[in-house]
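One structure coming up, written as structure tokens, with questions to follow.
Should a chain be cited, it is by its letter among A, B, C, D and E, assigned in written order, with residues numbered from 1 in that chain.
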Amino acid sequence: MSDALLPLSVFVPLLAGVCVFLSGGGARSPVALSGVLLSLAISLLLVMAVGSQGTLDHALAGWEPPLGIRLHADGLAALMILLTAVVGALVSLHAVGQFAGKSEIANRFWTLWLLLWGSLNALFLSADLFNVYVTLELVTLAAIPLVLLAGSRQSVSASLNYLLLALFGSLLYLGGVALIYGMTGTLDLQLIGERLPAGGWPVGVATALIVAGLLVKAAIVPFHFWLPPAHGGAPAPVSALLSALVVKAAVYLLLRLWAGPLQLPLSAPWVAQLLGALGAAAIILGSIQAMRQPRLKLVVAYSTVAQLGYILLFFPLAVASAWQGAVYHGLAHGVAKAALFLAAGNMLYHLGHDRVAELRGMGRPLALSLGAFAIASVSIMGLPPSGGFIAKWLLLQSALEQGLWWIVATVLVGGLLAAGYVFRVMRYAFMEAHAGPSVDRAPTPAQPLMVWSALTLAVLSIVLGFTARPLLTLLGEIPLGGG
Amino acid sequence: MLTGAGIYQALPLWVLLSSLLAALLVFLAGEDRNRLRITVNLAAAVLKLLLVGVMGYGVLQGHTFLVTMPILPGLDLVLHADALTMLFTTLSALLWLVTTIYAIAYLERRPNRARFFGFFSLCVASTMGIATAGNLFTFFIFYELLTLATWPLVVHNGWPKAMAVGRMYLRYTLGGGVVLLLGIVWLAALGQSGDFVAGGTLEHLAPEHRTALIAIFLLLIGGLGVKAALVPLHGWLPSAMVAPAPVSALLHAVAVVKAGAFGVVRVVYDVFGTSLVADLQMNTVLALLASFTIIYGSVRAIAQTDLKRRLAYSTVSQVSYITLGVALGSPLATIGGLVHLVHQGLMKITLFFCAGNYAENSGIHSIDELNGIGRRMPWTTAMFTIGAFGMMGAPPLAGFVSKWYLGMGALQAGAPWVLLVLLGSTVLNAIYFLPLLHRAWFRESGEKAIATAGEPGPGLLVPTLLTGISALGVGILAGFPLSPLSWVTFIVGQEYAP
Amino acid sequence: MTLPGVALLLTGLLFYLAGTVGLLRFPDVYSRLHAITKADNVGLGLLCLGIALLSSSWGIAALLALVWLLAIGAATVGCHLIARHSLLERQRGRRE
Amino acid sequence: MIVVDTLAALILVVLAWRCLLLTDLFRSIVLFIVFGLLMALAWARLDAPDLALAEAAIGAGLLGVLLLGTWRAMGSPDGDHRQPGRALQVIAAGGGMVLAVLVGIALHQLPVSEQAAGALALERLDEAATQQPVTAVLLNFRSYDTLLEMGVLLMALLGTWLARVPLMESLSGDDASRGTELLPVALRVFVPVMLLVGAYLIWAGTHSPGGAFQGGAVLAAAGVLLALAGRLRGDTGDSLPLRMLLVLGLTVFSLAGLLLIPLQGAFMAYPPTLIYPVMLIVEYSLAVSIAITLVLLYTGSRGLRRGPA
Amino acid sequence: MMAGLDVYALAAAALIGLGFFGLIVQMHPLKRLLAVNVLGNGVFLALIVIARRLPGGPDPVPHAMVLTGIVIAVSATAFGLALVRRQARDEEGDDE
């Protein structure tokens, strides 16, 4: 019966979002908060069920594939749902503080965020190539209006660019799905894996289209221009959700497709090297850009572009410890990046601006938010004792075992570059200033809820450094050839 | 699983937590609750000293202290206490108590004290972690934590110059961290857990992984060399003197620098093992590097006009005595190297306390302002003199004991040229210390010197006296059972019978 | 029944052709509107008739009649509105 | 027959080429509308009647009106002449060419798969209590996709509301539809017919081309016609009943799925006897939601109220 | 049958290429939205071309996929047009 949890974990958040939409409640609306709690409970129940019973399957509408759609919850999906639940719940707490008083915007945030939560769970559970397209669209179309919540002129043009490129990416992906359906006659990930012909033009073109589409959605280097304005311009809880979860969904799909249907084409040597090279380029270029940004939220946004590159480093390695390293990096980055954005949001909320050069001497008034920023950036830099360090260790170990020196160099240089842009911010915080940081308007101290949610997420990113064993046993072995 | 024995066995963890929780309390207490902060700091320092004492006694009786926490399959967080650990923990715990008193007095009316003392006890926590680490993985975690905890102290004043130094400090230490990480992960990739086992665990790898082992050794030494201030990597130490006096006294003279040296000792003895290091000819490379650093450090010290920079360069050269002792590998050389770890700590902290007193009371920063300070601040200058003579290795002081054993060890290891290095460094020490003493005692203080400035308050003076007297005692009473020398001989006897 | 059906289809197409030529050749909006609505509607009517004959089933014939009626209604309203709009445009143009 | 198909395909591509190349906005919008209509024709030729209906109603109809409305709301700009750099143009042209060639080759060499899911669906059509295969797939075999898609509609509407730029307010007062009496007469004729056709289409979906989307789109067209004629005005206040109608489709469909789990043990697995009635209820609630969402997407406003008679 | 199939397949490929070209070359957001729709229609055409190859009659699964795709494309484009209107209003009347 526990496999009924799968559809529930999709529809509870969706229906909660609908209820909030109908009830029209504000920031503290009981409907929204109980919706968040219920979704959190369902997600945790699902993760525990997967933990105890292994992978769960649920054929929707009673029709087995290839006719119907199958929901599939394995270790990878469970971990991503756990990440969504934990980061989502804490960001929701922050949103209660951030949107207090602005009831109309708060209602839109709650509706869209709960719908987004449901679609993220749907995406992680989906084991059907076309259903992945629909959930990918759902996730994007929930994310873009969230960016619009800020209502400023930049956020309008940012969301327009985001929409255009997101549609472009999804349609490329759909082109690939069309070709694969033509060849295999089915959309179920596992069946495709079995029926896909080994080589030939159609398989190559289909894989290229799907991978290109997902790279656009994941804002990997050549296609990353839409991410910083969108994540930088959005309100803090939104940019936290976008960077930690939405962009991660596209990269997760690359891993899911590698593990399932597209194992053969994606593990072709030159394809794997290309993806690895793109990842390395993302790390280097993203970090360099992050060092040159005048605004704090743009620094953190470019850091997302860089950190996503690490997960792509899995493909040239394609070995069990690299799989665990890439997935664990996804988790650690999700938690740490959410903490960074919330902390940056608190500073913006307090000072009215987030120009890095003018954050001088903000140590005093924003001590806790600055502390959260510092603790979370330890994980971003991959320094011990954080989750980011464990992921870096796993990636380095598998790279060294296979003698891929350019990956070793990229991971190490990536950590140093991350230290570059983090300590650039910290330097201003510690700089001595007589009158404290410059302020655009009367300083409005951040609500306690906002500060403590950022701090909890930051501490969580450190705790991830110690809880690697249970999480990685939940992830299980690298799924070769099966859906 | 925490039974009675378990709690006792987990003593290293409680030592670590005592200062971690103190750091947390200090951070949360906030800026204005001064009394609470002082009591928390002092209580933590005293508690730690007691715990270390109990642990030391336990190690003497041969009890085992071990705490393991599995992180990844084949990778555990291990805290244990062996004889070598006790050497470093005792030194750190003692000096931390003294420096806390000094720092409380020094930072009387300064801003941001909560931040300072929070990171200060975070530093001591990471030093304890380094000392009690049971394998390379755990060692690396606390090694990097030390970097993160010391950076805020280096830039504590917030002046633009301090920021520039902070950036340089990061470049060195984070760079070193990356190199060290590469070495450790490479070792793990070869299937080695990197546990600290007396005599090393890599013997069997030698035949087919020879070049890899050499590369790993160089990487590890390179990473540790940054903090152990080996020549090409020492640049950060002199400029880090811009930090407040307690920071430069404890961290840059003792904790951070010793962490590097301690790491080198662990790598050579407990990971590679002296025989493998000799087989890879790495011991001669290390010895040459250490000797060059000793000479280079002393030469640069002579040219410095600023007092703290001169002492910093002297630290660069003195720490390499430890590396030299370890590189030679013979039992007597090991004794000389390890005992110098304690002696140099005591002597150098005394010198820095005196420098701090001079700067604080009489505004003295450069050498030529020292004229006639002996009359105005007799006690501080007396301690300075003890420290200076100890550094020069004048018998019967501590410096002489370590140099004596190093010399004997060099002969035992068949490397007579080391004697020349020791002799040369003694001469150079004299060249850069004696003029200071001459100015202090025999020169008339210039008219602009502040006549009224007498000895600093008890908060600054008592710690200086304590460390000065203990530096003296450690030298003279070297033969006694509980002296550092006897403890080191016990270590060498027990763990490294060559 | 196919011969008259095909004949009807061809004449219908002829009307369409005439309407398009009218659209391209006539000078101003009104005459072009005139050409389009008149010719195409008649053409559509003939087409529907032809297809009804060819399909030889009353159901489809009724359906096609409905299609034709709706098309005519839409075309007239559309043409009317466009004409009014261009007239108002010209008047406002003269007034400024 | 080859001539007709080649001609249709050629016209499609030429229209798209002209539409994208022109810098004048109005002309490219009109060309896009014609492109939509021809696309509907293409669907009919490729015997996809459902798609022809949907494309004509939604793709060409609603989107065309929306495009023209947006163009007018933007103050009828004649389009900007900003040309990207030479390099970008070369990349775009080259990339487009390569993409087209690759997809062309892939489509050409695509092996035909024997056990296509569609064939399976056609065989087991009767189990889905409907003769129309597309509706069977949409509302039974892959009903999960259809349900999630309703979420997309709701999110797009929320996004439009957040943009806070209702189309209706920006239409100037003195446009041609005010003064003439012909329009009310036309309305009295057309709107009832459209409503009838829409309702019929929804019902017809179970056994012939049609269904919730096509029916909903026709109903929406009726709504847009009323809005254009001024009968229906965008209103700022959002009333609860309207919002309930908006989410009717999503909630009915998911509740039907959730509540019936105990019976068949799987989400949205309806017991055989119940399939037809449940499908009809779901189809109508979907159509209502789609119609109102599409109208609101056109007006861009949060609510609707009756305009002057 | 084979010749007809190729024509629409080629048309689909051409539309996809054109959509890509238009998206990059055109700078005006409304034109770029049109380009994305053209790209979408190209992909849908490819899907239906594939659907037609099933011997026993048109394969309903791609039909359902395209129908879902059309609805998603329309709602996304409607939202995009709202953003275009908002951007135009922001530029001309600086109300922000």
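In the analysis below, a contact is a pair of C-beta atoms (placed from the backbone, for glycine too) under 8 Å apart; a residue touches a chain by one contact, two chains touch by 3 or more.
Every value quoted in this text rests on a predicted model; they were computed, and no experiment measured them.
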Between chain B and chain E, the fewest touch steps amount to 2
Required steps from chain A to chain C (each step between touching chains, minimum): 2
With chain centres defined as mean CA positions, report which chain is farthest from chain D. B
Centroid comparison with chain A (C-alpha atoms), farthest chain: C
Per CA centroids, the chain at the heart of the structure shown is A
Pair sharing more residue contacts (C-beta pairs) when C-D is set against A-B: A-B
Averaged over CA atoms, how far is the centre of chain D from the centre of chain E? Could you give it in whole Å? 12
With centres defined as the mean C-alpha position, give me the chain A-chain D separation in Å. 31
Per the centroid of Cα atoms for each chain, what is the distance between chain B and chain C, given in Å? 97
Which chain E residues touch at least two other chains? 16, 19-20, 23, 46, 50, 53, 61-62, 65, 68, 72-73, 75-76, 79, 83-84, 86
Touching two or more other chains - residue numbers and ranges from chain B: none
Identify all positions of chain D at which a residue touches two or more other chains, and write them in rising order. 103, 107, 110, 112, 116-119, 121, 141-142, 145, 149, 152, 155-156, 159, 163-164
Going by the touch definition at the top, which pairs of chains touch each other? A-B, A-D, A-E, C-D, D-E
Per the touch rule, the chain C residues reaching chain D in their complex are 70, 73-74, 76-77, 80-82, 84-85, 88
Given the complex, residues on chain D that touch chain A span 102-103, 105-107, 109-121, 124, 140-145, 148-149, 151-152, 154-156, 158-159, 161-164, 240, 243-244, 247, 250-251, 254-255, 257-258, 261, 264-270
Name, in rising order, each residue of chain A that touches chain D in their complex. 4, 6-8, 11, 14-15, 18, 21-22, 24, 58-63, 66-69, 108, 111-112, 115, 118-119, 122, 130-131, 134-135, 137-138, 141-142, 144-145, 148-149, 151, 156, 159, 175, 179, 181-187, 195, 197, 200-202, 204-206, 208-209
Quick check on the complex: what are the chain E residues that touch chain A? 16, 19-20, 23, 29, 32-33, 36, 39-40, 43, 46-47, 50, 53, 61-62, 65, 68-69, 72-73, 75-76, 79-80, 83-84, 86-87, 90, 96
Taking the complex as given, what residues does chain A use to touch chain B? 361, 363-364, 371, 378, 383-385, 389-390, 393-394, 396-397, 400-401, 408, 412, 415-416, 419, 423, 427, 430-433, 465-466, 468-469, 472
